[in-house]
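So, here's a batch of structures to check.
Look for chain A in each of the two complexes below; its partner is chain B in the first and chain C in the second.
Then we have the complex of A and B:
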């Protein structure tokens, strides 16, 4: 009964049924490849090469993971080093991106000052330039800075990714000016307003931004700017393992796909559930 | 004559003074906004170094012949002239990209919003599960490769196997190598991948609309979910709608890797060639960076124009 009582007053029962039906039918289509990837990781070799392929695994095994861990133990550089590289790049890159872009977004959304609007237009426009042709100019910039073969060549540009500023600015626009004015009357300084009032209110946006950033940095192969084996990233190292044998390592390859997916997947689930939890009752109020 | 000259110089003086006053006013407002500039500074600096500089250099390359090994050689508009007048594959690519943009842009955008909104209608504990289900295609790097198996050209590919089982077709279809089907398959896969960044911003945006507004809506006699959508939800979502639109434009115009991975490169008769695959061809295979940059610049202009058009349309939402 409690669920029925919670229903919004202006919703029809047939409409709700329709919503469930649509989501279930389409959802199947969207989740299919993820299910396939998860199942494949547990398939023995004969099932992986079964044709036509089957979605569900019938004799699940951990052999693929065992093989993967054996191969990881044989790399020239200790495998933990690759994991550290990717974790470091992802964590520092995401935190820096969050701070740098939300600070800029705060002043761009809540203040008018000469050049602000033009700057924002340029940022949004830059989002539309094809990244492939920027590789060589970027390399020139990195050489000038002496950042080739360092973590910074991956981390620092990620701080200023246009998508983050754009997202944060759009959400901060929703914050009523009254809130900021009131804080000022109470004597709060800008830094305090930014940390104590603005950032908590856009928590769903910060979490969404972190998802974008983590998906991007976690999967980065960083092969453009990094040549030192000790500095290579996890996706790069894993792709080296897989390319050791296309057929013989098909099982390992399936395990790799799942292995690399675990962290983004867990963070995604964590972020989505806290987006839904935190704002469930509050919302942005006038 | 002299009087007129004096008048003129007086006018000039006036104008100069006004400019001076304006300049000092601007300087004053700049000084007043120094805290704001300080907030903006770290981003602005990094953005200039890592985004504006490379874009400007690439646009400069588009007026040169540059094979990466020798220094760029200025050739004026030659790259653009060759692209438009002498490159048949580019024309095919433009047609395909245009088709992709016109179909997957709007459909992907509407799907993103629609599914985000429908998921928001669910009870809270189901929402994060369904967000994951619909975002799944974008969470891994090569998730779409399953479509290679699905549309495999022999009778074991899932699509062929089912169509022949059900007696709809009597022989296999070469989904990924027959020009008649290639673009269709690419469009389906791109649509399947279109619930990405825009979709997540809608999910987060729907969450920030205050419950009070909906409650006020019940009191004001909003009868059903459609009225609520149009009068409360959509007007509150305008900033996210613009964000989603820009995401949809960038995604739908820059389809390339999907086409390459599914249909191969070069695809049969270049039938699945897009502007971005053409760009990658010149940029990473033939090392003609000048030509590749010219392609990128044209694509850039096309996206800016469509963003302008979409922005104008979005201003009418909820009115």
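Then we have the complex of A and C:
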């Protein structure tokens, strides 16, 4: 009954029904992949190979995870090392990306200076380019910098990922100029305005950006620039485990999927209320 | 800045810290880290690949480039049997995918913007595809089997394909004109793909919808506007600038997604046949095509965008 009380006066009961129906149908679509990934991880081998495949697991088992942990113990380098590598790359890369791209986005959206607009156009254009083709040229750059076989070869390029600048600028443009002018009148310098006014206002946007960056870095296999086994990443190690035993490891593969999915998913659950939070409540609304 | 241009006298006074000067300094300092990173990791490699597109690339100790003018481009258009058809196919798919994504994500954003119980949870669910599709599942090659399995499950449970098949056969029997209807069928067949690639667009629309001030709707209501009129006179114009953003984002996302046939062909040419020159030429051709499409589309849409203030 509480739904009826909260209802906006201009929506009929049929309207309510319609909204819920739409949400039910499409919500189901959207949640399906996650359900499937979770269920598969708990399926015994015979259920994984069932055709046509079923969504729900009928005899859940932890065997897949047990197998995975046994295999983890057998790697060259202690498995925690891979985990550390990936965590380090993800955390540093994401923080740096947030700082670098939001700083650029701030001045590009709120200051007029020669070349600013042209630069933004070039960045957005670069978004369209096929990344695979740049593998070789990128490698050459890394060699020149002496960054092959270091974390930096993965972390630093992530700082200047164009997609972050693009999204951040869209959000920053919604901040009223009045707010920034008021701060200037009160004597705040650019750096202070950026940290004290702009960044708190775009918190939802920065969490969205972090999600992308975390997804991107968490999944990086880094096989192009890193050859030292001790510096290799978690997805690389996991994919080595899975590809080691062909079909017999299909169960392990399902467990790996869930394993690698869990961290971005947890971050998302933790951040989602702020991400999709109304911009209105953050003071951006005029 | 514009005012200063109109008044050249003031300029001659050479104020040491004019507004424009301070803006420029702040602008360059704040963008500097990004520009450096961008130049180093995107622009330099980009230019190198452009050079490759016009050369034969050989590995003789180091990398050697032999300048061959347009031979690579001639090859991909005249000899390579796959490239052009793949590209045209991709283009055709784009024409019906992008409008579907925009309409779908706008519709979902409007629904999610309504007041209802459990809104937070539902919004979270609609953001899930972004997590699931951007790399996590695609990143591990082994998960192709997982995605395939998932598609089978969907086909099994939703039967979307078979329903459209039945309806199609009815229409064919009636001998009806199929042109526009075919478009709808194509979109329905791909409804799952469309839903999966709409995550970001939904969020962008949603954040736009939330910035429309409630007083506007109140005013419209007092004036006696119906919900239908309010939608077309307030909601739609107010988010029209985001339609442009979303169209551009969707087009880019569509063309560089990881299961794209053209991209795979480019990659195969590079890794399997070790033809860096040809593969770079393909990438640049593809890039040029996308750029032209985006230029046309954004010129077309931006004329119709309504800017408040």
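In this section, the second predicted complex is superposed on the first by the 263 of 286 C-alpha atoms of A that agree within 3 Å, B and C clash if a C-alpha of one lies under 4 Å from a C-alpha of the other, contacts with A are read in each partner's own complex, and residues count from 1 in each chain.
Just so we're on the same page, a contact is a pair of C-beta atoms (placed from the backbone, for glycine too) under 8 Å apart; a residue touches a chain by one contact, two chains touch by 3 or more.
Note that the coordinates shown come from a computational prediction; the quantities given were computed from them, not determined experimentally.
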Review point. Does the chain A-based superposition show chain B and chain C clashing or fitting?
Key: clash
Check your understanding: Does chain B (first) or chain C (second) touch A:104, or do both, or does neither?
Key -> both
Check your understanding: So, does A:92 touch the first partner chain B, the second partner chain C, both, or neither?
Key -> neither
Check your understanding: Who does A:198 touch here: chain B (first), chain C (second), both, or neither?
Key -> neither
Exercise for review: Figure out whether A:216 sits in contact with chain B (first) or chain C (second), or with both, or with neither.
Suggested key: second
**Study point:** First, second, both or neither for A:165, with chain B first and chain C second
**Key:** both
Exercise for review: Could you say whether A:12 touches chain B, chain C, both of them, or neither, answering first, second, both or neither?
Suggested key: first
Exercise for review: Identify the partner contact of A:254: answer first if only chain B is touched, second if only chain C is, both if each is, neither if none is.
Suggested key: second
Practice item. Please work out whether A:239 is in contact with chain B alone, chain C alone, both, or neither, and reply first, second, both or neither. Key: second
**Study point:** Set intersection of chain A contacts, chain C complex versus chain B complex
**Key:** 3, 6, 8, 10-11, 16, 19-20, 22-23, 26-27, 29-34, 36-37, 51-53, 100-101, 103-104, 106-108, 111, 113-114, 116, 119, 122-130, 132-138, 140-141, 156-157, 159-160, 162, 165-166, 170-171, 174, 190, 194, 204, 208, 211-212, 215, 219, 235, 257, 260-261, 264-265, 268-269, 272-273, 275-276, 279-280, 284-286
Review point. If you look only at chain A, which of its residues touch chain B in the complex?
Key: 3, 6, 8-12, 15-16, 19-20, 22-23, 26-27, 29-34, 36-37, 51-53, 100-101, 103-104, 106-108, 111, 113-114, 116, 119, 122-130, 132-138, 140-141, 156-157, 159-160, 162-163, 165-167, 169-171, 173-174, 190, 194, 202, 204-205, 207-208, 211-212, 215, 219, 235, 257, 260-261, 264-265, 268-269, 272-273, 275-277, 279-286
Practice item. Using the touch definition up top, name the residues of chain A that touch chain C in the complex. Key: 2-3, 6-8, 10-11, 16, 19-20, 22-23, 26-27, 29-34, 36-37, 40, 51-55, 99-101, 103-104, 106-108, 111-114, 116, 119, 122-138, 140-141, 145, 156-157, 159-160, 162, 165-166, 170-171, 174, 190, 194, 204, 208, 211-212, 215-216, 218-221, 235, 238-239, 242-243, 250, 253-254, 256-257, 260-261, 264-265, 268-269, 272-273, 275-276, 278-280, 284-286
Review point. In their complex, what parts of chain B are in touch with chain A?
Key: 26, 29-30, 33, 35-37, 39-40, 42-44, 46-47, 49-55, 57-58, 61, 68, 115, 118-119, 121-124, 127-128, 130-144, 146-147, 149, 156-158, 161, 192, 195, 197, 200-201, 203-205, 207-214, 217-218, 222-225, 228, 236, 239-240, 242-243, 246, 249-250, 253-254, 276, 279-280, 283-284, 289, 292-293, 295-296, 299-300, 303-304, 307
Review point. Which positions of chain C touch chain A when the two form their complex?
Key: 1, 20, 23-24, 26-28, 30-31, 33-38, 40-46, 48-49, 52, 63, 107-108, 111-112, 114-117, 120, 122-132, 134-137, 139-143, 145-146, 149-150, 152-154, 156-157, 191-192, 195-196, 203-204, 206-207, 210-211, 213, 221, 227, 245, 248-249, 252, 255-256, 263, 266-267, 270, 276, 279-280, 283, 286-287, 290-291, 294
